[in-house]
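Letters are used for the chains, namely A, B, C and D, taken in the order the chains are written, and counting of residues starts over at 1 for each.
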Amino acid sequence: MSYDVRTRLSDLRRAFHRHPEPGWREFRTTARVVEELERIGVDEIAVGREALATDERMAVPSDADLEPWLERARDAGVRSDILERTDSGHTGVVATFEQGSGPCIGLRVDLDAISMRESDESDHRPAAEGFRSEHDGYMHACGHDAHVAIALGTLEAVKTGAFEGTLKVFFQPAEEISGGGKAMAESGHLDDVDYLLALHIGLDHPTGEIVAGIEKPLAMAHLTATFEGASAHAGKAPNEGANAMQAAATAIQNAYGIPRHSDGMTRVNVGHIEGGTASNVIAEEVTIEAEVRGETTALMEYTRTELERVCYAAAEMHDCDVTPRVISESPRADSHPALRDLVAGIAREVDGVERVVPSTEFGVSEDVTYLMDHVQDDGGLASYVLVGTDHPTNHHTPTFDIDETSLEIGVSVLAETAVELSQRPV
Amino acid sequence: MSYDVRTRLSDLRRAFHRHPEPGWREFRTTARVVEELERIGVDEIAVGREALATDERMAVPSDADLEPWLERARDAGVRSDILERTDSGHTGVVATFEQGSGPCIGLRVDLDAISMRESDESDHRPAAEGFRSEHDGYMHACGHDAHVAIALGTLEAVKTGAFEGTLKVFFQPAEEISGGGKAMAESGHLDDVDYLLALHIGLDHPTGEIVAGIEKPLAMAHLTATFEGASAHAGKAPNEGANAMQAAATAIQNAYGIPRHSDGMTRVNVGHIEGGTASNVIAEEVTIEAEVRGETTALMEYTRTELERVCYAAAEMHDCDVTPRVISESPRADSHPALRDLVAGIAREVDGVERVVPSTEFGVSEDVTYLMDHVQDDGGLASYVLVGTDHPTNHHTPTFDIDETSLEIGVSVLAETAVELSQRPV
Amino acid sequence: MSYDVRTRLSDLRRAFHRHPEPGWREFRTTARVVEELERIGVDEIAVGREALATDERMAVPSDADLEPWLERARDAGVRSDILERTDSGHTGVVATFEQGSGPCIGLRVDLDAISMRESDESDHRPAAEGFRSEHDGYMHACGHDAHVAIALGTLEAVKTGAFEGTLKVFFQPAEEISGGGKAMAESGHLDDVDYLLALHIGLDHPTGEIVAGIEKPLAMAHLTATFEGASAHAGKAPNEGANAMQAAATAIQNAYGIPRHSDGMTRVNVGHIEGGTASNVIAEEVTIEAEVRGETTALMEYTRTELERVCYAAAEMHDCDVTPRVISESPRADSHPALRDLVAGIAREVDGVERVVPSTEFGVSEDVTYLMDHVQDDGGLASYVLVGTDHPTNHHTPTFDIDETSLEIGVSVLAETAVELSQRPV
Amino acid sequence: MSYDVRTRLSDLRRAFHRHPEPGWREFRTTARVVEELERIGVDEIAVGREALATDERMAVPSDADLEPWLERARDAGVRSDILERTDSGHTGVVATFEQGSGPCIGLRVDLDAISMRESDESDHRPAAEGFRSEHDGYMHACGHDAHVAIALGTLEAVKTGAFEGTLKVFFQPAEEISGGGKAMAESGHLDDVDYLLALHIGLDHPTGEIVAGIEKPLAMAHLTATFEGASAHAGKAPNEGANAMQAAATAIQNAYGIPRHSDGMTRVNVGHIEGGTASNVIAEEVTIEAEVRGETTALMEYTRTELERVCYAAAEMHDCDVTPRVISESPRADSHPALRDLVAGIAREVDGVERVVPSTEFGVSEDVTYLMDHVQDDGGLASYVLVGTDHPTNHHTPTFDIDETSLEIGVSVLAETAVELSQRPV
């Protein structure tokens, strides 16, 4: 790969890194992707509403939470035609490039950052080299900046190569909050995709290592439940209240007691709680945020149903009301062995790749599974490819960073796989 | 009082003491009461079914639990005509004595013993003097043996005195399990009673002390609840069970959390639990026994309703069934000030009485309240009279005993009160 | 009472009403009290630090919470010499007036307002007549504005009357958060007080009614407990966390299960909770705010000790740490019958008083009990006097208001009681 | 196999079936095994104490529980020399047969039955053909009767075959209660065993199917915990008690909430509870029986440690004492692939075998793992062989039965494996 390409990939990644935006608020990121696509030249650019099934979006923030990010994008001079298409929580892009008459290959990457203050220590390269987050309190700490750069690089590489077919790149919003996967999967853009490649970097695999297909992203649901009772003076008339605090405590204790399942691994957690007003008032309202996971979609759904039952009964026990709401959800999906094998075969020939691992278990959740499921349910194949990169600290830490030499490795693996698939479909 | 009377009272009390029988199984006790009444000579002796509203009995044991006691009574030569009238849990007697045309005065005592092994130490008088319980594992440890002796003595004293009216003595079964009070209250025998005197000895008041009227017996309900789920192999398939153990634990934790009430004192307790079969099986069935109390009947009912709600919700939470059942229940009732005053005035003149206390709070529950309520709801007056007696250790302990000199004091106070009421109704 | 006095009382009360300040932030209120005292003329004015035992203050807000109120007071032109003496949470005043050589009489009122947005409806008199709160979100909704006006009026009335002795008026800060009572009680100013009169208006008693002495303010403690565990990824490694959420839920469930006590009424409540960061993270930290109360100080302390035990064990169970902290606390104290009787006798002769109630039960908590205890422990007498006032809605509601004609009644009762005590000590 | 052998196997199995004995009470069973061994002729018969490490026995019943079974055996004419060696819970046999100088091969079977009333329906073959359990309430419902018959048949077959080496047969007591495995593993008899074959029949595999090596018996521990508090009258003085019921309920709720573990499957269950005396008494003592399991020994131990912590903290929370005790425990062990392969190869050649499965997961626990661990830790190999048999209903049900044609298949597979190993060690 040429020095220019390397530099471009690095520059791109750093540009995205400097302007991290959380889920459904990737206004500036979306616009930059569009501009790059226009520069590269593709056949169709579906932006925002055009790229999503609006009603399938999950975990969309309130207008009040969206507004400051829209404002910030406007202030940064983001093109108004793009902001119009992405407003009200409609970020994301699907780019389509056609060259000849082969199969349709999809590539999915994600756009959003997380809420975390990036390190400003001098041994943190983004700080040292001037591309640290300019949005204080937010950070690309999971590598999505690299994903986007690799996707753009792949598109460019495919365009200049022996590719014959259609390449669609899905720049998905709101992955971290499991909010965008379903909306993009159901957008219609995925319906003609024969092969889907999804991408993740790092995950404790070093530069030079490729995992051809990640297995077992856990199915997951994120729920919230507000117990609503009645307040009363805790000294004068505790019996006149309906104690949302007791209801919540009962729910929490019993949530963790949901039976382990013989079919495989399940998880349940209540990770946030807030409620009540003062020590001398019977709490009228307490809200919990919880998640359930399962090794399969069915196991996740079992646990979710049990959790909902626990909440309803805990509320009833204390004369309260509750309506557990699913904020976001993602199924399980697996990489297809045949596609995995093809990726592995190609990766072994790529410069810089020292080791190819056929598959690993993911252990956590990812809403790319909506896209993988959609393609595989229609008879297509999907694989979730991991591109190793040296990272000094764990994902989701303030000093997370990547080894940028892995960017071109990622581009090569993905572009060559796309070319191969277009010529010799499996 | 003559030496003879003293001896008779003591002999009678010791006879009852030697043959303690638990609630609804007072076959021999009932028979002995009948025989004494026949000896004394009264106008009517209603026995067993004749003395009770059958359907209002509570906490009646199963036939299997009744049978050994019936058998024991038969073996001891108890008259079969009496056993016939008391079978299937119908113990108890109402004796009526008429002399002239005055008001109707009721006197209520209780017959049953408790499940406790009586001490056989040499410093325990019943053991030393040969009248220790002959029914191993059962004991008159609350003084009901003395109550019955005093009631019989009172009847005899009234008969030979200046009494003008009707005296009805209620020998109530199953007080300890709150089982017999309602059935006797609703038997019809109480309908014409103008004044009801109830009797208890001891309760930490020494010989020579009389409490003219006990206040505030707590309202009480005794409940049982069986959580029924589904068993499953705890290793292979815990998710296939419906865990009655978790349901019961949730119910217990939340039962104790029923809100304190602004209107007054409440109590809740889960005092017994049993369930499950083995450590490796999800428990299919767990049974709890609980009680609730309240300073008023309404407070008891509030707590009972909350406890039932807790049970239902705990069952639902773990996919189990439950039907809480009230085993026995008693309301609150108070001694009437006018009758209390009259008792106090008379007691002050009785030989051996050194101190008269107008009233004390009871602090526990007693199903005499059904009888007191019945009489007072009809416009009559009731008082629950306490006759002090030195007792070496607490009621309901293996070394409980009484000072028999208090027997004649009790007879004098009650008989003279009855005579006074028959002549000068309040 | 002259038209002028009436108007002054009303004006004063309205001035305080317009500028409500919460506990330990009564900078402007304190300054206004000082200015009024200077106008009236007294012998000593102890302000802020001079009026308090610094180390005995409870529930003092952080500097960050104090600062905006100090700023607001500065902006309103409050005298800097007063602000200096009250800074860092040292509000409050003790005023001493001597006239002749009689006994020392104390009068205690409170300065603080609560956090509540006052109604702006036209049928709410403060809104209609232009003296609604100018500090949005804060309100004198418990009548402390009236208390202060009455205290100043009483001082003025005593000064012009036949008073012989010393009158000390305690303007206590931070009553609503039980924060200032102990600090004022331990300030030394109370050491020579022979009779303490405390004041409250309303509490469902109409204008024209006086309660000579309130009984049984409940003993109370307000606690906070932060459960500190270890976070972990709830999907990948729940076992690596120490779950503060489970610890808190266990503590809450068991807090409500602290046994009812045979000696009298107790209360326990967890009224606020907050903790955890996200649904997919094992919660590292959860904080609860709780209170316990008791009919006696011992009962409160029993409940507090049990609550602390529950917290420690719940933390240990889930490998977390916790240190329950008492934020504020107040004992129980009762009005002395002799002083109550004297107040009652005087009140019956006061114009506008239609009914005098010897005593009522308070039912809630008040940190005036620290002052009452201090005086009575030294052999003095105390009474907590209630001055009835028609109030359209309950205390602590957005439409609470008083009938200002009760202000002069309050002044008369207190001033005449002070005069009487100075001449004929009881 | 000859008609005689078939009949003998069937007769033997039926004889054992008729006299089921629970763990550590297999007096008659042990004696019959000894008699059969004497008939067959072996070199050494270690009985009872001689076959066990006394101190390593777990879950041994009390003498009171042993006595009736000893009595029953005596009444049935069991030889007193054998009873002497097996008394006080020392059942079991190790038989040693030597022929030539090859390796030492162990075969382990189990002796005990379970507590279950066998069906007397006419479609239950043991009932129809007269060999139903004669010990009412106990039943060979897991096939141990067949295991013993197969072991004796194998010994006989080996003796008459081309075997060169030592065959040791371990007739282990108390498998169902995980009580005997460790004591036999540590008896010394296993120290020179090179290859250990363990046997189970059925487990949903039909006649004609052989599983060469069972994998992953779960590690397991069975615990009991008695919460000891203080009783008190629940109405009069609940605060004077230390409530073991609340402690137990808290422990149960939190036991089920022990975190799932990232390293693999865990289980926890509280399967039995009993405690308290009456509804009106604060419970002084409540006992729970629990088990924990893990996919590995470490996972089981993690869960056990957490459960113990939960118990201690729950006790402390309610001022109770507790000492969780491990009743029995078994580690995880796996079949060795090399031995599994050898068994598979031989099984394929055995008459009646239609299908050979290399391995299956066990899913539950078995204390044979102590023996397997012991052999493999010393460098030997072990395999847990499953011999399929049609069984009309599940193991541990009242109508469990086996297809007796599987007995001779079992004998052939095991005897031929032993012969092969003696000649061509792997």
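Keep in mind that, in the parts below, a residue touches a chain if its C-beta (ideal position, glycine included) is under 8 Å from a C-beta of that chain, and two chains touch if they have at least 3 such contacts.
To keep track of the chains, here are their UniProt names: A, B, C, D = Aminobenzoyl-glutamate utilization protein A.
These numbers come from a predicted model, not from an experiment.
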item: Mutual neighbours - chains that touch chain A and chain C alike; value: B, D
item: Centroid-based (C-alpha) most distant chain relative to chain A; value: B
item: Chain pair, C-D or B-D, that carries the greater number of C-beta contacts; value: B-D
item: Whole-Å gap separating chain B and chain C, where each centre is the average of the chain's CA atoms; value: 50
item: Centroid distance [mean C-alpha coordinates] between chain D and chain C, Å; value: 70
item: Averaged-CA centre spacing for the pair chain D and chain B, given as whole angstrom; value: 52
item: Chain D, residues touching no fewer than two other chains; value: 236, 238, 243, 246, 250, 253-254, 256-257, 259-260, 262, 267, 282, 363
item: Of chain D, residues touching chain A in the complex; value: 253-254, 256-257, 259-260, 262, 265-267, 363
item: Partner chain D, residues of chain C touching it in the complex; value: 236-241, 243, 246, 250, 253-254, 257, 259-263, 282, 302, 309-310, 312-314, 316-319
item: Touching residues (chain side chain B, partner chain D) in the complex; value: 218, 220, 222-223, 233-236, 238, 243, 245-246, 248-250, 252-253, 256, 267, 269-283, 286, 289-291, 293, 363-365
